[in-house]
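Heads up, the next two complexes both have chain A, just with different partners, chain B and then chain C.
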Partner chain A sequence: MTLAQAVDARLRKGIGRGEFFAVIWPSRGQEAVAAGVGAALRRDDRLVTTYRGIHDLVGKGVPLTEILGEIMGKSIGASRGKGGTMHITAPEQGVALTTGIVGAGVPVAVGLALAAKQQGSDRVTAVCFGDGATNTGSFHEGMNLASTWQLPVVFVCQNNLWAEMTPIGDTMNIDQVVDRRLAYAMPGERVDGNDPEAVHRAVTAAVERGRSGGGPTFIEAVTFRFEGHYFGDQQKYLPAEELAAAKEADPIPRYRQKLLDSGALSADELTAIDEDATAQVEAALAEVLAAPAPDLAELDQDVFVNMEGIPS
Partner chain B sequence: MTVLAALNAALDEALAEDERVFLLGEDLADPASGVNHVSSGLSTKHGADRVLNTPISEAAIAGAAIGAAIEGRLPVAEIMIMDFIGIAVDQIVNLAAKARFTSAGRTPCPVTIRTASFGGLGSGATHSQSLEAWFMHMPGIKVVVPSTPADAKGLLKAAIFDPDPVLFLETTALYGKRGPVPTGNHVVEFGKADIKRAGSDVTVVTYGRGVYDALDAATALEADGIDVEVLDLRTLVPLDMPAVLESVGRTARAVVAHYAVEFAGPGAEIAAQINTGLFGQLRAPVARVGSRFRPIPAAKDLEAAVYPNADRIAAAVRATVGYSK
Partner chain C sequence: MTQKVPVQVPKLTMATTEVTFLEWLVEDGQPVEEEQPIYVVATDKVENEVAAPASGILRHGTAEPEEVYPVGTEIAAIEVP
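And now, the complex of A and B:
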């Protein structure tokens, strides 16, 4: 959580000051979901996420230089700058795909899980998406197929209550996104997405179900995005009371307090964790900023394996 | 062997050769074995876990195939009729066609999407289109259109084992065409156009159904003393422009023919490249014969009037040969 927050904070600070250029969809406020999901997955479990997925990538253990480098279009990025924020792939950490098309990752996650089953592996695939994505055809086709074929997929809806500038109530006539699973006879639950332990418990149970052949699970994690849809979003559409109430439930100070109250960690230990996160981000950032831009020759690689007969 | 049997044989062999190969699509399993019956007998022989029946979910069929391909499987997804591919286009163009590039080679996606152009059967506007130009326009996916049984088998084998995504476009009207198919492991390399008829006066550059119209036109034109070469592209991406330029370089005249809509169709690109490559050597402007810019009508006569045919190709050839500056 701390690391995801540190990455997001540093990016916003750097872009805001004009220190560097990067394209981001801020995930401040949603860190508890990413932490809960990431910690419940094995390294070889697969993750599919979205443009608003930097926190998910951090949670899955993708090296910061790969994330920051890709976001900034540098040669040391995950895809040497050819992917960008919306298309980060990190196979070594199990990140199969990041999608910029709302809802599109859902059927692909089903295919990743199908392959695991065919290969006799107990790998599980988790797919993260927003509440808005659950209005797409791809989402419903994917849910139905995963349920019909009983595949090891964990569907994680990061319900931040907004899709771009439209509140959830304007786009669906149900009270809870989790109800959508009922049409597919899929087990699942709605959890407090600002409580990393609640998310972790739910995802862990879902992962165990998938690993043991019990099929897919749908989890709705209710949370909020504090910075709006895109970097610099003034959020004129967002009632001030709603934002204030959401900030009351900010997962970071809340979890910090919980750890202190329970005696799990001391204030000093928590501060040390924060400092370590900041230091990690600064070190990675320095490396990324010093790295060269991708070579133009990159454009002639990786469209196809063999580029013969391919238009230039 | 028919084109249909050749396609079936390619799938059968691929399933037998490599456990990573599997098929998925609507109604594929026996006894239905798909609307087009290309998968006839395959679930019985190879098992229901190798030939998967799916719901009517084109996005999920393509998406699941793409996901499995990313994991190293060799899925062959069937989109029953090409017109339905619109529902899966997002998955194909935004995920499959981009997976290798956006991951800088870390996430290859060796998926094969088979689909059929249903045209010529009077099925009307949403069951008759030839939409290959959409996919030619999209870097990252190969586009294959076989015309003969031998090519159908050899190209499908190549598609399944190709390391990149392939759109394999069949033509329902050609399923019954017969021809010899080499025995053994017959694979036709992508990007190699094939001279289906040698000639010296004019080259008709075509593929798929257009090959047969061009051959018919060539036979008719013999009476006029016009010797037509018919060049079958076989794959549109990669496109064998060296073969096109070699042939047209010899004949100095070209007609490009296809069932896709002529306006902004594949012929526009090919004609432009011939023009660039052979300007000054051409004895006539490159002519194009494609479908008229109309939704495909259902009534037989109307449908026929929209599509290219041997007469329209012959007329274009005559005009090209008779052209004088």
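And now, the complex of A and C:
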């Protein structure tokens, strides 16, 4: 959680003062979901996420140089600098796809789960998306097939209550996103997305179900995004009191306090974790800023396996 | 040896390709602290204060009020002792 927060904060600081140039969709506020999901997945389990997925990538263990490098279009990026924030892929950590199209990751995740089933693998695919994605046709098609074919998928809706600039109540006539699973006879639950342990418990149970042949699960993790839709979004559409109330439930200070109160970690240990996160980000950033842009020869690489029949 | 840290026009939103320089908040040759707002730009009809990327002496460049500058333009430098 603290590492994802440190990455997000450093990117916003550097972009805001002209130190470097990039486009991000900040994940600040949603770190507890990513931590719970990432810790519940095996390394070879697949993850599909969205452009607001930097926290998810950190949670799945993608090296910071690959994340920051891709965001800044450098050759050491996860997609060798050719994908940008919206298209980060890291096969070694199981990150199959980051998509820039709302709802588009869902059928891809279902396909990855179908592949695992056909290959006789016990790996599970988790797919993260926002509340807005559950209004798309691709979401419902994916949910339907995953349930019909009992595929090992964990659908994780990171419900941050806003779809770009539109509040959730303007686009759906149900009280809880989790109710959408009922149309597909899919098990699932709604959890506090600002509580990493609640997310972890729910995702762990869903992963076990998928791995043991029990089919898909839908999880709604209710959270909030503090920095708007994209970096620089002034959030004039967002009532100030709603943002203030959401920040009261900021998962990071809240979990820090819980760890302190329970005696799990001391204040010094927590501070050391924060400092280590900052140091990791600074070290990765220095490496990324010094790295070259992709070579021109990269232009037609990774496009088609076989160029035969492809017009040149 | 003095190191010069460039002050570059930031990409303030997803759609920003250029900004309108409005004014300096710190005089030429004055000391600034990292993160201190040092100039104001307008983009998407919104005014933004831009923070210093380092602590040191601010050296204004050639930016003129109401002039438009592309993202990345070096409009000043900070001399770090």
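Just so we're on the same page, the second predicted complex is superposed on the first by the 305 of 312 C-alpha atoms of A that agree within 3 Å, B and C clash if a C-alpha of one lies under 4 Å from a C-alpha of the other, contacts with A are read in each partner's own complex, and residues count from 1 in each chain.
What we mean here is this: a contact is a pair of C-beta atoms (placed from the backbone, for glycine too) under 8 Å apart; a residue touches a chain by one contact, two chains touch by 3 or more.
Here the structure is a predicted model, which is why all the values come from computation and not from measurement.
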| item | value |
| --- | --- |
| Partner chain in contact with A:Gly137 - chain B first, chain C second, else both or neither | first |
| First, second, both or neither for A:Asp233, with chain B first and chain C second | second |
| Which of chain B and chain C A:Pro311 touches, first, second, both or neither | first |
| Partner contacting more residues of chain A (chain B vs chain C) | B |
| Touching partner for A:Thr65 - first (chain B), second (chain C), both, neither | neither |
| Partner chain(s) touched by A:Ile15 [first = chain B, second = chain C, both, neither] | second |
| First (chain B), second (chain C), both or neither touched by A:Ala109 | first |
| Which superposed partner A:Thr223 touches (first chain B, second chain C, both, neither) | neither |
| Partner chain(s) touched by A:Val23 [first = chain B, second = chain C, both, neither] | second |
| Touch list for chain C against partner chain A, complex | 7-14, 16, 35, 44, 46, 50-53, 71-72 |
| Contact footprint of chain B on chain A as seen in their complex | 78-80, 82-84, 87, 89-91, 96-97, 99-101, 104, 106-116, 118-119, 125, 137-138, 141-142, 144-145, 148-149, 298, 301-305, 308-311 |
| Partner chain C, residues of chain A touching it in the complex | 15-19, 21-23, 230-234 |
| Partner chain A, residues of chain B touching it in the complex | 22, 49, 52, 54-55, 57-60, 62-73, 75, 87, 90-91, 94-95, 98-108, 139-140, 142, 163-164, 190-191, 237-241 |
